[in-house]
Every structure is written in structure tokens, then in C-alpha cells.
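In the two assemblies presented below, subunit A is common to both, partnered first by subunit B and then by subunit C.
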Partner chain A sequence: MTNVFSKLFSGKKRDIYFEMDISPDKNKKLKKNIKENEKQIHEYLYDCDDVITRDFYMGQMQKHEMALMYIDGMVNKNDVQEQIMKSLMLLCRNSPLEYTLGQNFFNMVKEGLLTAADVKEVDNFGEVVLGILSGDTILFIDKFEKALIISTRGWEKRGVQEPTTEAVIRGPRDGFTETYRVNIALIRRRIKDPNLKVKTIKLGRHTRTDVGVLFIQGVANPNIVDEVLKRLNTIDMAGVLESGYIEQMIEGDWLSPFPQLRRTERPDVVAAALMEGNVVIVTDNTPFVLLCPTTLLSLLQSPEDYYERWYIASMIRLLRFTAAFFAMTFPALYIAMTAFHPGMLPTDLALSIAATREGVPFSAVVEALVMVFSLEVLREAGVRLPGPIGQTIGIVGGLVVGEAAVRAGIVSPIMVIVVAVNAISSFAIPNYSLAIGFRLLTFIFIFLAALAGLYGVMLGLLWLTVHLVSLKSFGVHYLSPFVSFRFSEGKDFVVRGPMPSMEIRPGYTRPEDMDRINDRRHDNMEKAEDENADK
Partner chain B sequence: MLTNNDKITVSQTVALLITTMLATGILALPRHVANIAGSDGWLLVIFAGITAFASSLIVGALVKRFPQDTFIEYSQKVVGKAPGFFLGIILILYFIFLSAMSVRVFSEVMNAFMLINTPRGFIIGTMLITSAYLMRHGIEPIARTGEILLPVLVIPIFAMYLTALPRADFSELLPFLDTPAKTLAIGTVQTAYNFLGFEILLMVGPYMRSPERVMWALYFAMGFITLMYLFIVVIVFASIGVEDTRILMWPAMSIIRTIMAPGGVFERLDALALALWTIASFTTINGMYYAGTLAAAHLTGAREFKFLVTVFLPWVYLISIIPTNPLDTMRWTRLSGMAGLVTAVIIPAIILATSIVTKKGGSTS
Partner chain C sequence: MISSRRFFQRCLLFGLAMLAFCIISACWDYRDIDRRIFVGGVGVDKSLQGGRLKISFLIPIVRAIAGGEGGGSGGGGGSGGEKPVIVEGTVADTITEGARNLALRLNRDLFFEHMRIVVIGEEVARNGLESVINPFMRQTEFNRRSRIAIVQGKAENIMGIKTIIEKLPSSYLDSLYGNASFSGKFVEGDLGDFLHQIHSFGGNALMSKMVPDTNEVNIGGGAVIKHYKLVGWLSEEEIQGINFFLGKITGGSITVDDPRGNGKCTFVILNAHRKLQLSAEEPVPEFELKVLAEGNISEATEGVSIDIEDEEIIERRVSEKIRNEILKGTTRLQDDYRVDLLRLGEFLHKYHPKLWKIYESRWEDLFPDVKISVSVTADIKNIGVTK
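Up next, the complex of A and B:
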């Protein structure tokens, strides 16, 4: 079936992109003459008015011709002035330069004169142009077939702020930003281990987005790392603007309503995932970082599960499981009960439901669809509107629509309760993509319940089970550890065991190194006892 | 081979066996044993369990003897090409027939208790399509489904029947041993078909990761099922009495209708019970249907396993709608019991005996 779909959607494969090389070749070497180099660069970047070229001469005799190229706004101008121009033009003007240095002059500039921190030597146009476009400054020196890429990247960027989509009561408040290096640094700050590897590739023909693959060597399963790199390398698209592009290109089953990669804005979540053997994909220009492989259980977890004490964490986890179930089925169960099996409800309850439904012109199904639909619209509207107006939407939605609809006799109050419980349950799921997936399923379950009552709901649940059982994320069972359950993993499962007892890492990624926590609390005591015995 | 090379673990085999054996038939089992042996009916469950266990050991022995082959292959090795082929066809027909009967009994229960006006074609059709959807994923997802659904199924069933305990009167189980031995013996054989399902091992055996531990799977699965059936029959007898059990079509279901859930959330538990029996039937149909398709795939040497799933779908449906009414269905299930006796006990016994005599299999493989 997948084949049919891909044939339907992809159309003819357009080879034209492969022929039309939008960036200069790495094999095209730099020339000796500085003017020729400049001309060539301008040919590549013609009509790019934001490219700045600055020619200048260096030394007491003003004999050495040099040129700087960069893009206005992408570089930190202060750095360019202080670290490059000042040191080359002013600081070394009076120092006696050996004009006979020859080839060593280039190295002298690179190693002896520039005060910038990050300097790289290149000899081809491909890297030069990419460097300019990435916000670096290029220094050309006349009579040399080489150039220097000086890292001066600096643009207006958002600082590290508290992530808005994954707030916690207890836990660090920093979240990822839109800048790749900052994000990598946030992760590195948490894991000071030389085994934390960062492999950067560039994706997107136009965007050349930096995409980093992070994993801890010796923990992450090499098969998963290879699989991730393999899938990333198959991506050939015009642009990668957000990690969602990558997610959709590398997920296994795109017919599934469930997210097969986890996304997070929190560096602490990423660090925890790395230590569970996950592979992390960091994309430039977005605070959302992808974690793979993903299991349903990990999507239902919040970092607080590990920061809180285990009773509380376990209780909250159980609550979330219940919420996940209700987020899918609550309206459907209500419809099935009232429309098909009213005898199952206690008589008093059945009577009171019947009483509230009196005068409602629609069947329970239509009622539920209307309410769930308006709730989705409200949610969507609330997301789009700015904060202060967003609250107004809450009042309009909750009071005006809900209350008025009941007063007008369009929906019954019980239905408002049912839909409200359903919505609140879905908001209790930490992962937004998963919650949306569940809300999508709500509609399907409503239809099934309308079709065949509880049997329909059961059929839906069976289909869901079959789907989840066969779903895999990067070769890992989506439902693990529910399937192939091992008791040792049970401590981090529906309940989260006491911290000292979680001696091994979760096994779903088949990590190479299973040790997580060594319980050494009694070591000292034993030592003390031994010493006492000696005395 | 075929769809995939995936193998299943021992615990998955246990789950697969239990969920395949645990079927809607249990709802009628108390009536069946009450009619034969009255208050000694629960003894029949134990005897039938032991009998079924003994016959399952034959299947287990075959799996151990031919750890690489399914029944289709080793029957041809043992008794020759043509007779083996014939036996293979019998096995396919049997599995298809049994899956048709399971889905039919399920639809009868549904029509009797939950969806009174829903056409049975709808229930049977949707159930079979769901099953076929799972089939297409191969053995490992089927076993994993069993593994996940087993606790979902078993724990609520026990909990549900336990709520009947406060009103149970265990004097209903008396008089004890009032039935003649001959009746008990015949009744045991007649009851044993409720334990059918273990014969899927004839086909699934080589897909086990460690076939040498098949006996463990059988001990565990058969013991568990026997205890569970015994528990339900005893609870039914004690709750509504042997005489009432005799006249009710689905006594195990009827007592659930009389249970008031603690806390008063639900008036009756029958919807929950039917949800559970939906799972139970689903897994039973899966086991039988899968074994049937697998047998056909092995017999014909077909590459496309998924295609056969679809091919069998209309046939299972057509067989399942043959009985005209619930009583007719009961007669047909008894027929399937006889068929089970032949296919699950007699044929494997013959094959095993022949292979021992001719010294085929075992150490060679």
C-alpha cells in the first residue's frame, strides 16, 4: 500500500536538482591573484547585496593587499573590527615585518597576527562561499592560493529561556534556542564525557542546515546510530527549516497517528535520553531536538518523573496512563453506554442522564461531534492568538459556548462534562504530538461507538493494539517494555521504582553498557563497621 | 521464510497458547458439564484438563522431534508424500473450520447479550477483518499481541468472577461423586474439546526460538487454563446452582449480569465482560486462522503469505454463517470438537508412533 501512495504523491523524480549545483564546487581551487578571487566570489554571489567586501593593505609599507568578505548582519561586527582589522592594520603596523617570509607570511598572519580564536585554512571556493553564507569572515591575502575562514558568527538571537511547551515544577529552567552551537553546548555542559560524539552534516540544498547527530559511544547501540545516519543521508530536500522536516523524512510508518520520534526543548531530557542509549538529532534554527528511538512509554514520561520521589512519580505516571486512555475513548464510551447499553449504568445515573438530555434535539453522536469539534477549534484558536487574547478565548469558549449551548438546549450538560474530561485528559499527556494523535483517534472512536457501541470501541482498541504491536521506531518495538517484558525493566515502567533500585538502563535500545546506578550507600557503613571491629 | 523469519520466545508461546485456548466456549462450559455430571461437573473440568494435557504432550513431543519443521513437512517425511499431503489438507480444513466456529460462537454471544439487533454478518465480518489485519504482520506481532492482551484479559476476568464470591454458596457443589464412572469418562472426552487450541503448535512449533522448551510452555499453559476454567465453573455452580446452570444458554455470562459492581459505577458488568470476551475470541481466531493460513502456505509452497490470508477470509466467513440458529451453532461446535479429537490427538499420535517406529526425526535434525 505504501508503494501505491508514494507513487501517487511523488510523481516523476526530478533529476534537475542534482544537475543544478547551487553551490560552487569544492574542487575549484582559489587563485593566486586576490582580485581574481574576489571577482570569482562576486560571480557566485552576484546580486547578493548583503555581501560586504573590504579591501585593505597591511604593514608599514602598505605592501600586502588583503580582503575581507562577510555578510552584513550575520557576523559580529565588533569581532571583525577588533579581532581582525585592528590586529592586522594597527597592532602590527609598527612591528618590523619580514617581507621576505615568502610562503611563511601566510602562516605568520594565521598563527602570529590574528587574534581571533577560530581560524581555518581553506583552498577552494566551495568552502569559502559556504563560510561566507554561514556568517564567517573570509580573509584573502594576495599572492596566496589559500584563504582563512575566521569564525565571527554572531547574529541577533534569542537567549536561553524557559521552554514553553514542556514546563516542569522541579527541574532546570533552560531550554534550547534557535542556534545550533548554543544547543550543542547546552547538552555538552551536562555530559562532560569524551564519548559524547557530535557528528554534523548539512541538509537541504538551499538551507544547508547544520544537523548534528549526538550519541554516547559505548552506550548507544551502534545499529541504531548507523540506522539514523543512514536515514539522514537519504534526505534530499530543498530546505530543512525545522526538525519536523527531518522527523517526517526518517520516520518508519507515516500512516501511523503516533509520533515515532520524540521531540523536546529541554537539554536535561536530551541528556537523560543520551544516557539511555538514544541517538539525538539537533537541527539548526529550531529549539526542537529529536530523540530516537521512541517508545510509547517514553512519550508518556516527563523529566519530573525522575526528579520527584518515586511514590509521587509513579502516581503521576499512572494518572497519565489513565488520562491517555480517556483522551482517546471517553466520548466514545459515553456514546456507547447511553445509546447502546443504557442498562449497564446504575438506574439513578441513567435516569439523570436521560433527564439532562431531555429537549436536546440531536443524538448523542452528533452532540459529541459538535462539542469535540468546537473544542478543537477553540484549542487551535487559542494557540494562534497572543497570550492576553488567548485567555479571552478560554472565557468565550468555556463560558459563552459551553454555558450558552447548554442553556439553548443544543447540548446536554453531561456531554459538556464528557468532552471537558476528554480534553483535560489529552492536555495531561506531556508530548503534544502524541496528545494530538490521541485526539485524532477520539473522532475515530466516536464513529466506531456510533456504529456498534462498546463492540465498536473494542474493535478500535484491538486495531490500535495490532497497529502498536507491529510499529517499530528504528528497529525498536514501539510498545517495549510492554512486550518482551523483563522483570528487571519493570522498575522503570508503569511505576517508577525507587532511584537506588534502578540499577540498569532501560533495555529497549539494547544499550551496550547496562549499568545505571550502583547502590553504594552501604559501602561506607560497612567500612565503618569493619573499622569498629578492628578497634 | 514466508513473511518473516521472526521467532517467538517461550513466554510468547505460553501467551499464544493460553489466549488461543481461552475462548468464548467457556461461557457455555458450565451448562455443558452440569448437563453431563450435575454437581460433579467441576470434576469433569479437571479430568478434561488432564486428558487435554496428555494429548498436548503428543504435540509437544512432535515439536521436539522435528524442531525445524511444521506438521506439513514432517507428516510428509514420516508417512510419505501423498498421505502427508492429504493430512495437511485435513489440518488446513480443520483450522479454517475451527476459526469459523470461534467467530460464529462469538457472534452468537454478542447477539444474545450486547448487540441484539446487529446482523451477525457485521460482527463476523469486522472480527475477521481485524484478525486478517493482524495476520498480515506475521507470527511475531501475533505472539506479541497475545502477550499484551493476556494480562488485560485474565486479570479482569478473575476480578470479575471474584466479585460474585460473597453470594456464592459452595454447598451447591454437593453431592460429591454422585455420578457413575462411565458417565464421567464419556463426559471427560466430551468436555476436552474446550481445551482445544494447543494443536496450533503443530504449525507454530518451528517458529519457537527454543523448541526444546516446548514442554514448559505446555505445562504452564494447560495448567493455567485448567485452573481458570475450574475457577469459573465452580463460581458459576456456587452462585446460581447446578439446576439453573443447566437451563441457561451461556451461564458464565448470565451470572455476570447479576453482579453489581462495587461502588455502584456500573449497574451490571456484562458490557465489561463482553469487551473481555471480544479479546478472548479475537486471540482464539488469530491462533486458528494463522495456523490454517500457515499450513496452506507451507503446503503449497506459496511465497505470498499475506495473499493467502485474504484468500481464506471469505471462506471462513461463509463457513461461519452456515449454522442457522444458536442451537445449530452448538451442534456444529460439538462437531468441531470431534474434528479436534481427530486432528489434535489421533493424527499426531499416529505420526509420532510411526516416526518412532521408523526412527525418523529426532536426532537427525
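Up next, the complex of A and C:
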């Protein structure tokens, strides 16, 4: 049993994929002869019809043989034509070249003739092939054991758009896109600090996905940074298509229903997290960026908690906590109260619930399970359908099915209310992964309530508390600041304190630099008072 | 990664927790809410068969209750004419047995946590309450917030009333007690208070009294219980006086003659404070009661303006009337019933424990001779807007 588990879930590499015989690696150096190089590349990229090779000659006398290689569609062709070919083929034909031989010639091409912005010199096939596959253009020059990687990456991409999963009323409207560099730039635009470090690694044997680890040196705890890098480096998988792959590979407890990394589509959230000492993992090809370490509290936060004034922010935050509780337990509480402890309900309520259940063929548990299940189905169906229809199906479908079920006497109207409140509460949780976790727990709590009433619900909550207290995300208590509470952190806790009073950064990341806000308003006031006194 | 050992430990823990479910609780306690009968009230009468009790249970018909309000509700519609309650009567030796008798006739479980009212017939109360109130103490299911009253006549008459304003007689009877801020002429309290009182004072208690009519119930006045037996009734005024004495007045009104002519003048009590003091210990304890009643003039039939002198006269008359009521109540308890429902014994026990030790054994004989002096101050706060 345990062997199966360890085999299934251990991160150990298994030799399922055969190693390619002619994998391009960094040890294989380029040849002097351009034709040989081309041939070798074609061997590597055998049957890759989208690879384009362009041979040409350069110079006044057309005697320098050169070749360009790139993948069609991955490069910006305009760049290739304007920045490389035009400058090499047309502009230098009019006058004699300064150098025609040796290293000088190579340097002249690289430093004097190419008008592309980003040029890199390489001498091995590994980097060349990776460059081609990444969308760069390779320039081979005959008689040199070197090649130039010219950054011409340019493909069809989605522009910066408003994030759909984390809409806000007040706050910036830009969201991450699928392009790594754009995403990094969106973060860099917000934090113009040389201490913002970006460490890029490539993950996935096939996908070679760019994964960037971002943190602010001097704020982020180096232990957490090291831990993140260490865990990332253990990942050895065929491909990384989404940050979810990484999340699942580096999370601490995969049995937990709670997400241990926070994901966001919003650059402002990332910037705020960086300044709280978080480490950020940006993955190419996905707009979802991972933040770690994560606490339950941060998953229940929305960026607007900080953009709105503190009364409003605190009220909404409290509202969200209540919603989270109801998203988990509301149907269970209903079952426990009505079926085990109807004495706890006010008499009139008990009577009216009993009246609405009159003639309903199923017991409250079956009713609840059927309703929650059908609601989940509706939600899932709504996700798949295109936008406008999806919403219609979700709302109208829910209403129609609910109404019809009540009219047919299959479910009681109160149960429809209970399940609706439960579902709406779960949608009030900003983080979708967490909300889904809570929806999952709803079922467990329904079973517990059906088994043992409020006693069962309490047992479930107890288990949940024990689990949450013991859960850690990158060495940080998942429940902090509830555990290891520090009074000064109380200002950004259940309520969000007034902005000038939030003088220190939250302590859960154990940041190196605690100062967040220095309230200097009093300095000015004192100055003004002094000036008045002088007068 | 979770090690195999810890995994097994967790499995074991989970299994134990599941086992605990089976042992400690309770899935056999699962009962859907529509499978229960929420008994609204219990009435206890003397049966014609000697020595046994005739117990009536007030049972709401939930279908009928929701039917009237719901209007267009689908399934339970068309039941507007249905009676909202039925009264199930049974003859048994004890109340619990009566409830079990009903299991032979009713298909749903009787559930008493929503019980709002217990009424006990006069005959039963005169014979002795001790056995009747026993189950209400012994069983936790009986709601201690429910009300309890002695009926002048038969308890089933109360159960059988056809209420007009409220749908359920039980909630009607229960909410009658909520009128303490409008009138001080009845005994306010619930089953828990009553049980506490009757056992603390050796079976003496002041209880609510109910007088049934066809459509309504009069709750004014009170019943005097001495040694678990009903010994007599108190009038509304006497009860108001005793409520003043006990400091339980939260509202009510006093009407006196208007000093300016033949009209009447009504003083509405806003709140009342009392202060009880022991003024002498020997040979019998003497008590001094000071009452301060604050209120407004809500009605003065003689005319618009009330000047300060009139106000003083009214205050004097009001305080005199309150004093009379208090004295009426105390003399009735001291002379006629000879039972300490003024809680003077409790007062001594709490504040003069040494003295109480001396008097405790013969307090019952001593109580009628206790001297009580009463002084009342009425304070008119507001004479109302007259323009």
C-alpha cells in the first residue's frame, strides 16, 4: 500500500522517457564550416518543417557566407528583415568593409553592423538549438566556431487585459498575460528597485518553460528564497504548462484541501506581496503567478482591502470571513439544527421549516446532497459555456431548476435558500482555489452533520483547526498571524487598521526589513506648531 | 511527503474517530424536522377516573400554519380553512405516560423543546403540585423558558381556546407574559423561575393565574401556592402591590382622582425602584420598604393645564394608592394565606444570615407577625405635550 503511494507520488525520476541519442548539449561545440553546422542543426531539428534556413552572402564583394536560422511564426519577421538582413546585405554593400578577416570581422558584424537590440555570442549546439526553439534567430558566419543569437522573439500574443478572475472596483485594471517578459515588465514597472531580483530557470524536459523567481533582496527572508529555489530545482517533469504544475510539485502537503500557494493574475497584488517579503514565481505561458509563502488570511484578502478606506475594508473583510464559514458549514448547520436539535431554532422558524418540508419525499440530508450536487454541476457547466450563455445558464438554470423542484415538491424551499446562500458565500471568497476547497468541505460537513448533528460539525471544525494549525507553507504557519500572534500585526488581521498605523510589514514572512510606513504627519504638525510659536 | 508510518497513524486516528461516532452519538437520533410534533403546550387536569390525570397536549398543524401565510405556495395550498391546532387528550397517571399514550395515536414523535405553556387545572393544583411539576424538572427536553400557570377552572379550556390574533394558542399565551411593561397586574416568570422558586422556599410560590374565555384568556391576578398546594387567589391590585414590593414592576398605570375637579388622572409607570431594609430584629423582624415610582401623566380628563401644586397633589395621591396596593397584598399574604411570598425569608437569608439562622425554623409562624412599613414616592417626570 505504502509502496504504491511512494511510487505514485514520490518526485523520483523514472526512466519512462528514453533519452534522445542526439540531444543537443552545451558540450558539443560549433564547427568552423558553416555547412557542417547547418547540417548538424538539421539533424537535431530533423522533421521540423517550421525551421527556416536562409543562406546569404555579405559585403561589397559578396564573399562572406552567412546563414540565418529561425522558426517561422516564433520570430518577428519584420525584425529579421530590417535589423539583420537589411543591415548585413544592403547597407554594407555600398562601402568597403573595415575588416574582412578574423576576430575583427566577427566583432564588426556583432558590434558594428547588426542593428538588432539583443545579440549574444554562443559556441555550442545546445544553446543554438534552444535559441531557435525559443524564437531567437541564429546567425552563422562561415569560418567561425561561433554563432550569434539575435533576439527576435515575436509571436502572436494576447495584450494586457483586465484580469477576469480577480476583478476589482477600485484598483489598476491590467493583468498578466501569457508572455513571461511582459509579466516581468509589469512587475518591474511597479517596483523600480535594484533590489528586485529576477532569477530565471528553465523547467520541463520538453517545454523548457521559463520560470522566474522574484524577490526583493533585503526584504524577503533569504531562507524562504533558498527554500523556493531548492524546491523548484527538484522539479523534473516532462512539461510545465501552467503554474499549477509547479504549485502541485512544490506544495508541502498534498492531502490538504487548502491551497498552499496563492495565485494571482494581478501585478499590483504581486508587487504588494513582494513588499511583504513574499517570493514570487512567474511562469511562462500562463497569466497566473504564484506567491509564497501563503497564509489563510492572505487567501481571504482582496487588493481592494488596501485601496479602500479602512472602515470599509475591515467590514468587507469580516463579511468575507463570515462568508467563508457559511461556504463550508451552512447546509451542515441546517441539517444538524433541524434534524438533531430543532430545539435550538426559534419556535416560529422551526414550525415554518417543518411546514415547508411537509410532503418532501427525501430526508434533509439527501435533499441537501442533491441540491449541492446539482448546483456544482450547474457551476461547472457554466464555466465551460461561453461567457454570456454561461451566466444565463448559471443563474436562470439555477432559478428554474430550483423553482421547479420546489413546485414539484421534491425539495423544500428552505433548502433552496440554504444551498443558494452556501453557494453565494463561496463566491465571495476571492481566491477560487480556496473557494473550491471550501465547497469540497461542504460535502464532508454534510456527512458529519448527518452522522452526528452539531457534535459532528464541531468535530469537523476541530479537525479543520488542528489541520490548519499544523499546516505550513514554506516553513510559515498557514494560520499566522492567528498563531504566533504579535500585537503589532493585529492592525492587519481581522480588521485592516488605518493606513498610517500599519507601521510594520506582516511578520509571517519574517522579512529582513520590517519598516513599512513611517507616519510623518506629526512631524509636519510639530513643525507648523514651532513656526507658529516663532511668529 | 508523508511517510507510511504517519499515514497509518492517521488512518488509525480516523478509524477511532469513526468508532467514536458510533459509540458517543447519534445518527439514530436523526429525525427530520417534519417527522416531529412540536408540542406547544401541556394542560393537566384531574380525570374523572379517581386519582388519575387528564392531560391535554396542544399540537400545531404545521401545514395549516404555513398554508394561510404562504398564499400561492404550491404543495400545501388550499388549506386555508384548516384548524391550526388540535388538542389531544389522554388519561394517564403521569405526564410522561400520557405522552407515550399518544404514540399509539399519532404517527410522529412528540417534541417538547418548543413547548411554550404549561397550564395546571385548579383541582389538580389544590390536590398538590409536587407530582405534576416533577417531569418538568427531571427531563431536559421540557423547555424551561415556557410559561406555567394555574387555571381557574379546567386546563383543557385554555388548551381549547380559539385565538383570533395569533394562530397558535401557545404563542398567544406565551406572548401575553410579554406585556409586563404595560401592566403589573399579573405574575411574570417562566417555568425555570417557578421551579427555582418553589424548591427554594419549601413549596411556596407565587404563580400566574389564567381565566379562560372562549376566544381569549385573562392573565390578571395570581395564584398562591403553599406547600405545593394551591390555597387561593390574589386579585389584580394585590398582585400589583406585591410586584411593587418585589421590585418587579416595569410598567403599568395608576389612576387617581384629578385634584382639579371630578375627573380622573392616569399615571403611567416608567420604572420603579424599591429598597428593602431591616429596621428592627427583636422580637420580630421589622421591615422598611421604600418605593420610588417614576412616570408620566398620560391622561388628565379635567383639562389641559396642570400646575405644580396639582402635580404635587397627584404625586401624593398616586403614592398613596401604590402604598395601599402594597399593603393590601402584604396583609393578604400575612393574614389570610400566612405564606411568605414576599421573599422576606430570602432577604434575611441573603443579607442577615445570622438572624436567619435564629428565625429559620419558625419563620412560617413568625411571618404573619412581621411588621412592614411602606413609604412610596411617586415622581411625575412629564405631564405630556398639551399644545
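Criterion: the second predicted complex is superposed on the first by the 505 of 535 C-alpha atoms of A that agree within 3 Å, B and C clash if a C-alpha of one lies under 4 Å from a C-alpha of the other, contacts with A are read in each partner's own complex, and residues count from 1 in each chain.
FYI, a contact is a pair of C-beta atoms (placed from the backbone, for glycine too) under 8 Å apart; a residue touches a chain by one contact, two chains touch by 3 or more.
On a predicted model such as this, the values are computed, not experimentally measured, just so you know.
When the two complexes are overlaid on their common chain A, residue A:M458 makes contact with subunit B while staying clear of subunit C. Within the superposed three-chain model, A:V469 lies in touch with subunit B and out of touch with subunit C [touch as defined at top]. Residue contacts after overlaying the shared chain place A:V495 against neither subunit B nor subunit C. Of the two partners subunit B and subunit C, more subunit A residues are in touch with C.
Of the two partner chains, subunit B and subunit C are each touched by A:T347. Look at A:M514: by the touch rule set out above, it reaches neither subunit B nor subunit C.
Applying the stated contact rule after C-alpha superposition, one finds that A:I191 touches neither subunit B nor subunit C. Once chain A of one complex is fitted onto chain A of the other, the partner contacts of A:L479 are limited to subunit B, with no touch recorded for subunit C. Overlap of the subunit B and subunit C interfaces on subunit A comprises residues 340, 343, 347, 350, 452-453, 455, 459, 463. Across the complex, subunit B meets subunit A through its residues 9, 12, 110, 114-115, 118, 122-123, 126-127, 130, 133-134, 137, 141, 144-145, 147-149, 264-268, 270-271, 274-275, 278-279, 282.
Remark: subunit A residues 336-337, 340-341, 343-347, 350, 452-455, 457-459, 462-463, 465-466, 469-470, 477, 479, 482-485 touch subunit B in the complex. Looking at the complex, you find that subunit C touches subunit A at residues 1-2, 4, 7-8, 17, 21, 24-27, 29-34, 36, 38, 40, 60, 62-63, 65-67, 74-76, 111, 113-114, 116, 141, 143, 168, 171. Residues of subunit A touching subunit C in their complex: 1-2, 5-6, 9-11, 253, 255, 338-340, 342-343, 347-348, 350-360, 363-365, 406-407, 409, 450-453, 455-456, 459, 463.
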